[in-house]
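Two complexes, one shared chain (subunit A), two partners (subunit B, subunit C).
Now for the complex of A and B:
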């Protein structure tokens, strides 16, 4: 009994180490004073962060990523929320098929989708640019929004909508003043998840990128040239941002639990 | 529908508050509401009473516009509501589960209807405060709905509906979730509020006591139909059918064959028990199977007279019906004693006597007794 519980602990620790040791190393080496990643670390500096701050192409790729992510998530929300509502409320022929088709981009191997999109853009004579990247990201985030909203709407008590309509709210007012505020945490969750997906997406993006790179694509090309501690600095910054987003997301989630 | 108290058509030109014309609603093959017609006057407190599944809530929702009728028409103040959605109707509803908005505090909950109507912030907040004060929730403005007790939520839902000054207030079993004491208190408050604000109340409940205490008129419903509409006293003393007699209050029922005597009266032959006389709930030609219904509180207990001992068991002398049986049970029920008396055929009747009357008589378990009850309070029910 004791021995087996110790084994479970050991296994658990080993798993955590396996996941987090590389990230820890990345963070440690982002502060190295050396030109390469050598052990032991000879000295500490923030020079790699200064390099990141001075790296204009990196900044541009970051700006591109922010543009792509924010437009994609907006498109996904604008299309996804009404779609999720329609799927929740109405029965129509082919509904099951549509439901599956809408979440398919999420499940389909990224490479398949990337190749398919590239072929489509070629056939249509559309030049690859940030717009094609946005189109591809939007399809992915649309799936995310529909899935998340679908879960939220299943738990939603529609009697509150009837109460609102009884109090004189038209369909639009019911949506805006009752449904949306009550599903706020679901929407925020979908946005954070969507942004994370978009900021980090490479497989699909790879096929449809024109001259303008997104951040992960740029890091990818940097890494192919040379593993420099500068990449560690970028990675550490990204890790910190993701952690922050994750903490906000769980905070919002906890608020929702408290309301119930 | 023959009732003793159908109000004569008003001569005034003001239309009734709510009119239902042959309303029907089909849900997936079942007729939830099956031809309901009803007129509710301005300021009236009308209760739709019936067991669960009788269509009372669906009828209420048809008035609110939360359901559209399969056929028939709803009129509010003489205006047809056909095709008019809930948010355009001059009615407000207090829902069974209250349906308060969890994302708003109490003040914003109550002010919601006014906000939808485009009333300026200051005015709607002032009116919402007044409404909260009216239901004794002043000082609760910034509470969240989940911080309120059941009774407080109920009052908040009431304030949220009344603040809009609807011409008709619909209430769907609003007291169902409250404990008995609070429920009794709220019954009186609701009745008082109805008188005070002059708004028409249409109230749905399955609780017959609640219906009797609060209503100006009760519509008893069963299987999507209205069986009888009348003031509580008439529903209780002059039920039109066996279902109404048994659903509202406690009653004794004996089955037999009725034969109309003079207008409005019938003689009912009970199998092997002689015959009783009673009021006909509706006109009767010739003979028909019928139930005799009489309330236990009208039944008095006395000794069997010598000449009665030989008779069949039930008889009437024109003013009183008398039935002979033996006492099989005596139950002390607070202010009353309830006697269970078995007739020769095995049927058990109940007699309810106030405790002071029971104290002075010497009836014992197993005694042969004569039950007597006025023919005036004996109903002959063909349906």
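Now for the complex of A and C:
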């Protein structure tokens, strides 16, 4: 192996380490016995996980987040799936502009969207509550769904549909028996990524939250005051859930590839 | 990109409208309308703690005349530029390794990058906070092995911490389009370059980089936008010196009750972001005429390529 090649490898591996070291440390330190997180670690315990289990306000914020995330992703799918399909199969004037418009909530700085929604709600006399949070999350997830589905649909082999219609299936039958089953994995991927975004969203939520906190908002306010291994424990649980979701998503994706 | 489109008949047109209409209306009401409200509000004034419709340029003159706004804007642009450069510096070699050097398990390597998107933003910023703190893991480790005696205090609550956290955040978003672009480069081009006598560095600079330019520009501009408008990292790891323009704008909507001023800052940020979004496609069209173009269009590609 040449020296330059070794250097490229080393840089690449170091970057991968840089990506994963912080989250690994967060997980390790969720098992510390001590309040302060430093090196060397004095002892180990699961007491911070017990603290999470006993933290009632945290549970409530989690329940709020589940409500917000599930309603928002439903709205986003309802509006986003037809839009993504239409963008994928039809050409029309102004399409490029429309595509850009539909992904704007994802691309715009979160703070800009957050204060803009706050200004609108204020002007319209709408009180901030979980409903306003749901509106903002739905808007963000709509972009995420359209982007994710756009990629999935581009990889999809259109000849299968042609084959079905050559064999006498009508448009609705093609949609129901050919497109939809194969779309499943694309939609699942979009759902999981959307849920992750909703369960992590602070920047936009910050401006439109009423009295009821979502989980990330609760964690954010905890982390703002002081750091505690209890936050590590919540974070580790969240990451574990995300990881599981990711593995399920890739499994489903692989299944689809194998089917082809 | 698919070249074949279905031609539109009248019934089709109705179908397209039905499919796209609801989503478009939602975005118009929840993004465009609030945007217009912010634009309008930036010209209004505040009287007795109430925002009153009016037309004046007070907010904009204030931004231009008080150094705190322009300085913070400049600092945010500077931090965003540094983050974008650092991100590319780290992302290009790793993308190159995965695209060209890894022979087995390429899917695993790529999967590891994409999976890191699943690590929440909040979690990353928090992680750096426990690592960099003066009683934190890094200081504890350095003291324990005897490199330093007193904890390094510049690590946390500084622009340095903001840059580090944002680079960490932007890395996967930049890696995905860069890898996507490199993956599409035919291997034969590299072989041709080396047959013609080009060394590895020369073939990287003259073949790989230009061919991957659209991915690099997309990743870089997305990193720039993401960090320029960031609001969380300054709050969690930035400290007083790490305050960015988003924090200043956000503050105007809180106790300060300077909604017109906050709206004016948000409007300026919006204009800058749109400019940066348009830049890569313009720049790559100008620099590399004939090179393959990004399908998803500029900086929105990163997430689109994910998974």
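By definition in this document, the second predicted complex is superposed on the first by the 218 of 260 C-alpha atoms of A that agree within 3 Å, B and C clash if a C-alpha of one lies under 4 Å from a C-alpha of the other, contacts with A are read in each partner's own complex, and residues count from 1 in each chain.
The rule is simple: contacts are C-beta pairs under 8 Å (C-beta built on N, C-alpha and C of every residue); 3 or more make two chains touch, one makes a residue touch a chain.
Not measured: the values here are computed from a predicted model.
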Touched partner set for A:31, first subunit B, second subunit C, both or neither: neither
Subunit B versus subunit C as contact partner of A:49, first or second or both or neither: neither
Subunit B versus subunit C as contact partner of A:182, first or second or both or neither: first
Contact breadth on subunit A, by residue count: subunit C or subunit B: C
Which of subunit B and subunit C A:62 touches, first, second, both or neither: neither
Which of subunit B and subunit C A:159 touches, first, second, both or neither: first
Partner chain in contact with A:231 - subunit B first, subunit C second, else both or neither: second
Touching partner for A:103 - first (subunit B), second (subunit C), both, neither: second
Residues on subunit A engaged by subunit C in the complex (per definition of touch): 2, 4-5, 8-9, 11-13, 15-16, 18-20, 22-23, 25-26, 29, 36-40, 78-80, 82-83, 85-92, 96, 98-120, 123, 135-136, 138-139, 142, 144, 146-148, 150-151, 154, 158, 189, 193, 196, 199-200, 202-203, 206-207, 216, 219-220, 223-224, 227, 231-232, 235, 238-239, 242-243, 245-246, 249-250, 253
Subunit A-facing residues of subunit B, complex: 64-66, 85-88, 91-93, 95, 97, 99-103, 112-113, 115-117, 146, 160-161, 164
Interfacial residue positions of subunit C with respect to subunit A in the complex: 1-2, 5-6, 8, 12-13, 15-16, 18-20, 22-24, 26-27, 30-35, 37-38, 41, 90-91, 93-94, 96-98, 101, 109, 111-113, 115-124, 126-131, 133, 135-141, 144, 168, 171-172, 200-201, 225-226, 228-232, 235-236, 246, 249-250, 253, 259, 262-263, 266, 269-270, 273, 277, 295-297, 299-300, 303-307
Contact footprint of subunit B on subunit A as seen in their complex: 157, 159-160, 162-170, 173, 177-178, 181-182, 184, 259
